[in-house]
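Shared between the two complexes below is subunit A, which has subunit B as its partner in the first and subunit C in the second.
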Partner chain A sequence: MTPALARPKWQLIRYALYLIPLVFLFLVPQLFAQNPFLLNVLILANIWAIFAMSWDILSGYTGQISFGHSFFIGLGGYTSALLSLATGWSPWLTIPIGGVVAALGGLILAAPALRLRGPYLALITLVIALALQRLVPMLNLSSSGAEGAILCFPKCFISYNVTTKYYYSLILLALVTVGLLLVARSRLGRAFEAIRDDEEAAAAAGLHVSKYKSLAFLISGFVAGLGGAFLVNHMTFASSGLVLSLNVSIEVIIAAVLGGMGTIIGPIGGAYFMVVLREYLRPLGIWRFFIFTLLAILVLFFLPRGLFTELRLRLRQFWRQLFPSTPVSYRPLQAAADQADGAPRPLQSVPSPKQAGDASDWLLEVKDLRKAFGGLLAVNKMSFGVHPGEILGFIGPNGAGKTTVFNLIMGLFHPDGGQVRFRGREITGWLPHRVVGAGIARTFQIPRPFAHKTVAENVAIPALSGRHFARSRSIRREEWVQRCCARTGLLAKADIYPSELPDADLRRLEIAKALATDPELLLLDEPFAGLSLAEMEEISQLIERLRREGHAIVLVDHNMRGLMKLVDRVVVINFGEKLAEGRPDQVAENQDVQEAYLAGGGR
Partner chain B sequence: MILTVKDLDVYYGKAQALHEVNLSIEAGEFVSVIGPNGAGKTTLFNAISGFVPHRGQINFEERPLPRRPDQIVRLGIIHCPEGRSLFPYLSVQDNLNLGAYRLKVGDRQINTELETVYQLFPVLKGRARQMAHTLSGGEQQMLAIGRALMGRPKLLMLDEPTLGLAPIVRANISEALRAIQQRYRMTILLAEQNATFAFEHSQRIYLLETGQVVRQGTADELRADESIAKSYLGG
Partner chain C sequence: MSTLAEILISGFLISSLYALVAVGFTMIFGVAGVMNLAHGAFVMVGAYIAIWAATMMGWNIYLAFSLAIIGMALFAPLVYRLLVRPISKRPVIVFLITLLLAVLLEQTMALLFSTTPRILPRLVTGDIYLLGINISYNRIVASLIAVGIIGLLWFTVQRTKTGQAILALSMNRKGAALVGIRAERITLLVWAISGALAAVAGLFSASFLGISPLGDRLPLVIAFSAVVLGGLGSIPGSLWAAFIIGYAETITAQFFPEARGLVSLFILIVILTIRPQGLLGREIA
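Right after this comes the complex of A and B.
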């Protein structure tokens, strides 16, 4: 149906490949029945794999780096142990409850994550994990030990033999793996990756960034908590050193990074590598740390993207050499798209374009908008409007405030005063995803594609939020993505990565991403910058066509030759205030505009 | 000849980005490389600056270029990159000072360089203590050029200095380039998408298309060529 998007057979083969090690792991107890030590090591490896994957979905996939995963692991572990102690419930009840409590802990940790990024967030996670580690001993929980240890609580796995425990851990690992892979491959996972790659672009694509971040923390917390609870039951005690110490957090990170961040599967390998080495090097005493560290450094030096990612790349190369790929033909689709191109229509019914000058019926109305950064008044007394179906030029010198006005409209900044109304409804101060949902989309001055995704996958991200899908399901997402690609002339390049696209196509991709949110109003920020005359002409035609299809457009650009031909009206701003407004020819002759902006040139 | 590039080939993996490019500049000359996106202008600059490996011969002041970018800068070839590459969280003045690291001189001499730059771009003086990322696009471009000048270049390489700038800012930069050239007789190599801008300043022009020099000559010769006028100067 949709060759531009789906690679069905491949996916199946790849998942089938994952089954091989799984089957092997299921056979281990049969093959090594005489070796309980090995089984014990592998149980630990399975649990660490769960930890590392839980870290990966949050830090590798969503880009929220956590240095305090022991917070989740400890919450899960202690919850299970304490509950068991207090109520005598079965582990099969207390382990999931441990996961749920850790998930709630994830929500707590998500609160700072919504405001902080990068090293600041990492530090906060570290501090919260430390706080819990200090807090637990003070609670005087322990029946028997120092440091808040809980020994030998009832109903733990003490009565099970090692093979049984091994199977349980393997089943839990398999469940977690499948669950996280499903998350990663779903729309949720795509949103996570988009946030990791570029938070602002994700917001502009209409994603509710805070919601998705919180979900990532929730999921990661739940999985880590499950693992922590399982570990405590397996070891038959809970102690600070086992589940709460910072060593735990750091080892989780090492396992995930060794395995390959952002791959879900990779951290399993990393965890096995780490745990097996750690346990089998035990006879070496203190030296094992040095040897392990050395090996880890060597792996990262020669395989910097982690074991799994590097292995996958090698395999892919090998595969390509075996079977040189035949390029997929897009022709039939292209033809269909070109046909559709003649009579394309946005899904929304759009009112017919009004004549300019009819001030009563604005699509977008900006009134007395004001924004100060510190002492600098970036936007002041800014008022203008956009008619349905109109192309409005929005020009002014660099630093005049054009992009700031865009950001204020889109809700990336909160205005200090004034109003923004869209289709008569006040949208001032709405969050970006709501503004996008209302029907406004923007492109960025410098194209901001999600680099690790193909063109079609890039377009699919804003389509996640597409308000159309919130309302009806009359069209499949793949079809919608294809249509957006077709409308911008990108269909033939749907499977290419942005790094392989020339500049002009990156601009098209920006526009395609904006179109995927099904907007009525498009804010285009410098679509011509750096393009050749011929490319500019093509983009002009595209913009013209979008207008014919019913979109209203606000166009910022410094290329006067390209812009003036295209627009119905022009608003000129300087120092954050409106300088002039009118038809292109009127504005071009305006003395103030000449002095402040055009400088006699206007090329 | 202050710079001669002979039979320059650059590969990115298997893809060849430059094919046997030949180019030369005399001391004091203003030469432009024009051509569409992806023609290889930036690659050519990066090859000269030592950022990408290449085959072929590049001589500067009749001697082959060293290998490392920092050694090349120390010779006096200063590259003002596309996209400016400022240090966003350093002040304007610190950005400028970093441009002078090539010179083994005391603060006093650097101050005279600073004065020169502030004279060319008075806006920057008013913003000396401001962080670079708070400047407008035009001011950032001026800062990038100013930082390059701080190293007292023998050869100044400007990559797309007018990208995304308002007509008025472009005019400012034009003026500054003219002043630099007249006052200091600096040798300048410019890469430009905006051919109109390049023709305004250059004595000679190279037209680069898909990694090859397809035309070269004085600005007047190329302006007279109808096909070039049509596809690059808009008729």
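Right after this comes the complex of A and C.
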């Protein structure tokens, strides 16, 4: 019954497949006992795999591209080396501490990074790493080496033989891999992906974007710091060139991108490929770096998706050719379930709709809201309210400021003045996730599904925000997601990707996502735009049904006709100000409204 | 007094070279939407072309300089056409590949010319004694040429059709293409200009600071700092920023020589944190 979230059995088989290379790697010292060079290379490969995965969880999974991972690696490495030098503690103590310090470094880096996107984010990570690289040699950390190097601190892996070190590195790699895979497959991982795919939509789904981004920096920093500390103990020295230089950051990214961004597993392969290539090119002397760089450019240029992703796609194609099967995405049987499941869900007491009520029972109350963009006053003196259980039409010509008002209510913009109250509580200027948590959800005018997720997975993202868990612990999330799909008539398409959905279904998906946050108030931004008459009728019925189930709804449109029989009251705005308010028939006769629409060229 | 004069004059000299580097970098970002992380390496390659021609082949210095400038004006568009354009839809890969290209160019120069620092012969010789300090004519000529080039560029962008096309393209690529601007041709031109500017900066800095292939990536850091400080894609912004950073660097070099290069990084971090769109940049939401 749970089409989207049922895990096929062969998922387990796939995980079991991952064990094969692991077992092989555990046997390597037995198989190649007489080849310490290979073991040394593989130790480095394991460490670089840890680096690459730490990069991937932040950049591949969460979309926060870091070009300065040497910042974390260096922090971890130097912390371990300096602690060892100062206190003589065992590596098994200083390595985790190195990880913790790097994790804190991640939080520090997250502070500016939260405000930045795309190239700016990449830049500041690059710049902070460069700054650390320049700063460390100036600090005179130790007299034992030039360029900030710390040589042969007393407690490191110097007494271990290469096989022991190899096993330690392999165990650390396995632990990190399992840990990161667990993160990636957990709620956290899904939130990370949602933020990568569409940050604003993730916020509208009730996710605390800054918190999740900081967590990504924290986790990534911790893992990279562990790896850095391990590397320093393995090499028995810490130096700028080993852990701090820009080349380290570049190599980490090469490994991760080569393997396949956003796959966690892929970067391990990328790191092995890269490190083995790098080390076996050593005999080439000064040509080594040249050839290595050239090869890296070529591989990235021709396989930008990465080896792992390419391989997976090829395998899948091959698999499909071997076993041509009916597409799994559409299951006609479920269509009937859609019809049957009316999903009566009176979790909240259903207030009787169309109450004339006075100002005291506003569900949402907006007072004197104001917002200017530069010299343009987008919203001014905007006051209106929504009763529990009513459908309010919020209409105005294009550019009147309707969406801006939504964004102000949802906390996407900060208002310059005025108040927003929800259930009597002031929520002005709250961040989106808190507004969603309070019980307001919105849809976007242009549907913004998370493209790489199925319908059910899309709906599962807002369900992460966990509001409904607080209200009713009895419902499992799978069930909840299914119910939201059913209520919007999407159950039969739960396993389809958004790119395969027709426009009307994308609108349903928007509504399903909003419903998944368990809102009391739904803000629907032009749910009818571009739909055919028949589709409009369907969506109208859906909205009517949602109202019967107890949701208050604000419906934005610039077209009055479609709304008239659906809405209880209408607020008309133009040029960011309220023009009229009242019952639909009253408003339609209003002189100002007619003028605005005729003069504005709309209808 | 002479310290102040030293700061004022060498600050101006260094800033005008920074401006050349920064303008080239910001133009490419504006028009092609690409952060060319190999820009710093272009500066170095330009200098090495001239070193090859002047000191190894014994060419006339003017000829060597011209060869370097023309060489880079051809090389940069080639990089765009062969390496950047095919992957331009993947910004991470572009970032990475241009960075790797920088490393590759450094390695190439190291293989061809060894890693020992070299000095390019001066364009003009002689010194002048001014305000209590010695300044070589070469430095004066360098900054005059830099300022002249920037002025010329300014005039081109503001007053000619091509310049207006460049501006339009940096504002809205699709829109510009729709009104009949040949986006591809203009983009190639901008890469050529950017390469030539990098070469000029490389020539002069190599003639009074010397150059080595595996340097500290200072030009790249400078270009970054100036461009981000000024606002990505804003030519006047990057000019202002180049002078702010140039003077900040000169003052630091005077009093805390070991902190050279750190100041621009520090400015960059502060700016990115407080005002990521830069001094004159448009806000990107």
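To be clear about the criterion, the second predicted complex is superposed on the first by the 553 of 603 C-alpha atoms of A that agree within 3 Å, B and C clash if a C-alpha of one lies under 4 Å from a C-alpha of the other, contacts with A are read in each partner's own complex, and residues count from 1 in each chain.
Heads up, the rule we're going with is that a contact is a pair of C-beta atoms (placed from the backbone, for glycine too) under 8 Å apart; a residue touches a chain by one contact, two chains touch by 3 or more.
Computed from a predicted structure; not experimentally measured.
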TODO: Could you tell me if A:589 is touching subunit B, subunit C, both of them or neither one (first, second, both, neither)?
DONE: neither
Open item on the list: Quick one: is A:560 in contact with subunit B, with subunit C, with both, or with neither? Answer first, second, both or neither.
Closed with: first
Open item on the list: With both complexes superposed on chain A, which partner does A:526 reach: first (subunit B), second (subunit C), both or neither?
Closed with: first
TODO: Identify the partner contact of A:368: answer first if only subunit B is touched, second if only subunit C is, both if each is, neither if none is.
DONE: neither
Open item on the list: Under the stated touch criterion, which partner chain does A:445 make contact with: subunit B (first), subunit C (second), both, or neither?
Closed with: first
TODO: Classify the contacts of A:534 with the two partner chains as first (subunit B alone), second (subunit C alone), both, or neither.
DONE: first
- [ ] Answer with first, second, both or neither: which of subunit B and subunit C does A:398 touch in the superposed model?
- [x] first
Task: When both partners are placed on the shared chain, which of subunit B and subunit C touches more of subunit A - done: C
TODO: Using the touch definition up top, name the residues of subunit B that touch subunit A in the complex.
DONE: 36-38, 135-139, 160, 163-171, 193-194, 196, 231-232, 234
Open item on the list: Considering only the defined contacts, which subunit A positions touch subunit C in the complex?
Closed with: 59, 65, 67, 111-112, 115-120, 122-124, 126-128, 130-131, 134-135, 138, 246-247, 250, 253-254, 257, 261, 286-287, 289-290, 293-294, 296-297, 300-301, 304
Open item on the list: For a test of understanding, state which residues of subunit A touch subunit B in their complex under the given definition.
Closed with: 395-400, 445, 502-504, 526, 529-535, 558, 560-561, 596-603
Task: subunit A contact footprint on subunit C (complex, rising order) - done: 35, 83, 86-87, 90-93, 95-97, 99-101, 103-104, 107-108, 110-111, 217, 221, 224, 228, 232, 258-259, 261-262, 265-266, 268-269, 272-273, 276, 284
